[in-house]
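Mind looking over this structure? Questions follow.
The letters A, B, C and D name the chains in turn, as written, and every chain counts its residues from 1.
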Amino acid sequence: MGQWDRFLEPYKQAVDELKIKFKGMRAQYEIENVHSPIEFVTGRVKPLASIYDKCLEKGVSFEPSRKLAEELQDIAGLRIMCQFVDDIETVVNQLRMRNDLRVIEEKDYIAKNKESGYRSYHMIIEYPVQTVHGEIQILAEIQIRTLAMNFWASIEHSLNYKYKGLFPQEIQLRLKRAAEAAFSLDEEMSQIRDEVREAQKYFSEYKET
Amino acid sequence: MGQWDRFLEPYKQAVDELKIKFKGMRAQYEIENVHSPIEFVTGRVKPLASIYDKCLEKGVSFEPSRKLAEELQDIAGLRIMCQFVDDIETVVNQLRMRNDLRVIEEKDYIAKNKESGYRSYHMIIEYPVQTVHGEIQILAEIQIRTLAMNFWASIEHSLNYKYKGLFPQEIQLRLKRAAEAAFSLDEEMSQIRDEVREAQKYFSEYKET
Amino acid sequence: MGQWDRFLEPYKQAVDELKIKFKGMRAQYEIENVHSPIEFVTGRVKPLASIYDKCLEKGVSFEPSRKLAEELQDIAGLRIMCQFVDDIETVVNQLRMRNDLRVIEEKDYIAKNKESGYRSYHMIIEYPVQTVHGEIQILAEIQIRTLAMNFWASIEHSLNYKYKGLFPQEIQLRLKRAAEAAFSLDEEMSQIRDEVREAQKYFSEYKET
Amino acid sequence: MGQWDRFLEPYKQAVDELKIKFKGMRAQYEIENVHSPIEFVTGRVKPLASIYDKCLEKGVSFEPSRKLAEELQDIAGLRIMCQFVDDIETVVNQLRMRNDLRVIEEKDYIAKNKESGYRSYHMIIEYPVQTVHGEIQILAEIQIRTLAMNFWASIEHSLNYKYKGLFPQEIQLRLKRAAEAAFSLDEEMSQIRDEVREAQKYFSEYKET
């Protein structure tokens, strides 16, 4: 257990730092009275049980090692939720611009969503953590999505654990309908987007008096 | 300013305490491997500018006073977000059961939603705060809603500030369509609810190994 | 493990709530521009290993039970640090006044310090926690002390674990000298107390402009 | 006010990030079962009223500007508290080693304490903050001290505000005696240091079983 604690500590540190940093972006937009593309931010270190599963799946030996750190790119995971679909692009551009992390891979499951209906934008980044023994580089996965995408994903994730991806037809149908409902909420939101943005600006200015 | 700070301090205290308490409910469900009806909890003390507006609207004089404390029941505001529509009832029942607060009014804008399309369950509670000068009773408003309801409400709230409730027909139409999309997401979620709940249970049990 | 998690959960909840409450007292004093008798607040749930040791010592069976909850009164522990020795009395009086907890025992190790040199004021309280299954009463121990007392106590605590209370004479002598140095710091602080308090008041008023 | 908010925002961000980072150092020592040279960490952005005073004192115009950012090096302030005097050196070395900040000045008020009796180790650092408009460099002051040093400093700070440094002889004498008491507590602690460190190690290992 001690070995795993030591191995996971820099991941925990990275998650804590990145959460503070991404929440800070939101605060900056608010101070400047601009619509924030970031609604909220969550983060987690992958639980040991899920690391174990992933190791089985990938054929990597379940022990704290450099190999495991390279193969499992989502031990540190951040999630950024957006109000509108096109806020996602703004966030992606912001992340590419930062000097404190290096984007090493991007997967756009929105332009081209997964068969399952999953929609999200993924970035794998390299992030330097300063430890008491010197700097080490950590991989982290950042998922960027709207609230509706997140909603659907959390449901699919739960069901997946039960059915191991082999959904009965009934469930499959319902999941599809939920995905459509989530998609259509995003669509309606996009329609109303410019109005809301302008109103939010007005709203913040108003509050300041 | 000092007068307002002193007046608002117990409200801030109430919000902090209630947030810890409601988040604690979520933690308890998780430890017991049961689906938590609480997804997340937010809270805020009403900003002075909004207190000012509300005073104008209600014809109450804008000064820290017992009168104002009685008339403005949402100076302390808590929001509890749920995954499924029928989680809301579970939360409401839990709150009625607590000995550390007293429910003094309930408004069900879900069974009978507002003309605007707003859906949410509101409770006004009385909550005792211990100050260094003794106990005082504080009113607080708790809003309980699904994520989709919350989504729609935050948009309507922004637009309302701009148009003061007098939406152009175009906006009105779009708001209505967004409300329908949010409603239909909630409907689809309810259809799939029992499946997800069982899967979540399975999911948590699995993680424990 | 699941059993212990469930047993300890309300203690964790109590510690979180009491920390927020005692920190709130400090905030109130500050808003009123009065010297705060509370410098800072910490809290913890007793680690399982220490619960195990205490069970051995007390001859209580090591399992989550009503008996254990009655015998171990410090499973939930809060610590309140004060700037001056006589702030401790102010805090004690404040705690006696609160309606959200019930003091059931007090031990004054300052008026009459332990042979070891340990100084601190202890209160055992009963605190109601609202769980999803209803209200339960929790015992908690509150230690109130100056920073100098705390300093000495943390050192004695570490050494105690190594020597099991049987200190070599050399160590005993050094501990005694450290206790005297801590005591004399508290004495000097008391001498200067009224000056500092008045200055703190002046200080806060000044800042407000 | 909006101008100052925008000017101070990156300082707030720097303080939040550095707090998380320095607290993380503590966590790493604990996981490795080694005595942590860091006891606790605090941080603050200098209040506007104090910025105003400092501007007067330094003859800098009181407005958000590059000039002000260069002259006032402690707008972002961090404080690291240590248990033992010689932990301070360990912390200083750790900070010099980090790649995420650049030390630009060090002042050792311990080897050579101020006339007033003030003891502390100061570092001025440059720290890059990523804003939504790109990276900017921020100056921050880090004060490293023992709890006893901190104790004395907080008292002297309060009195200074009242007397503007012109202490009556009576006060001066008492402050001097308090400084001596703080110093002698640090001395006694140093004497007992190795014993405590070894015991802490033993203590943590014990807990792990």
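Simple rule for what comes next: a contact is a pair of C-beta atoms (placed from the backbone, for glycine too) under 8 Å apart; a residue touches a chain by one contact, two chains touch by 3 or more.
This is a predicted model, so every value here is computed, not measured.
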Most widely separated chain from subunit A, with each centre as the mean of CA atoms: C
Cα-centroid distance, subunit B relative to subunit C, in whole angstrom: 35
Whole-Å gap between the CA centroids of subunit A and subunit B: 26
Rounded Å distance, subunit B centre to subunit D centre (Cα mean): 40
Junction residues of subunit A - those touching two or more other chains: 208
Chain contact topology (line, ring, star, complete or other): ring
Complex interface listing, subunit A residues touching subunit B: 47, 49-50, 83, 147-148, 151, 154-155, 158-159, 161-163, 171, 174-175, 177-178, 180-182, 184-185, 187-189, 191-192, 195-196, 198-200, 202-203, 206-209
List of subunit A residues in touch with subunit D within their complex: 2, 5-6, 9, 12-13, 16-17, 20-21, 24-25, 27-29, 31-32, 94, 97-100, 128, 130-132, 134-135, 208
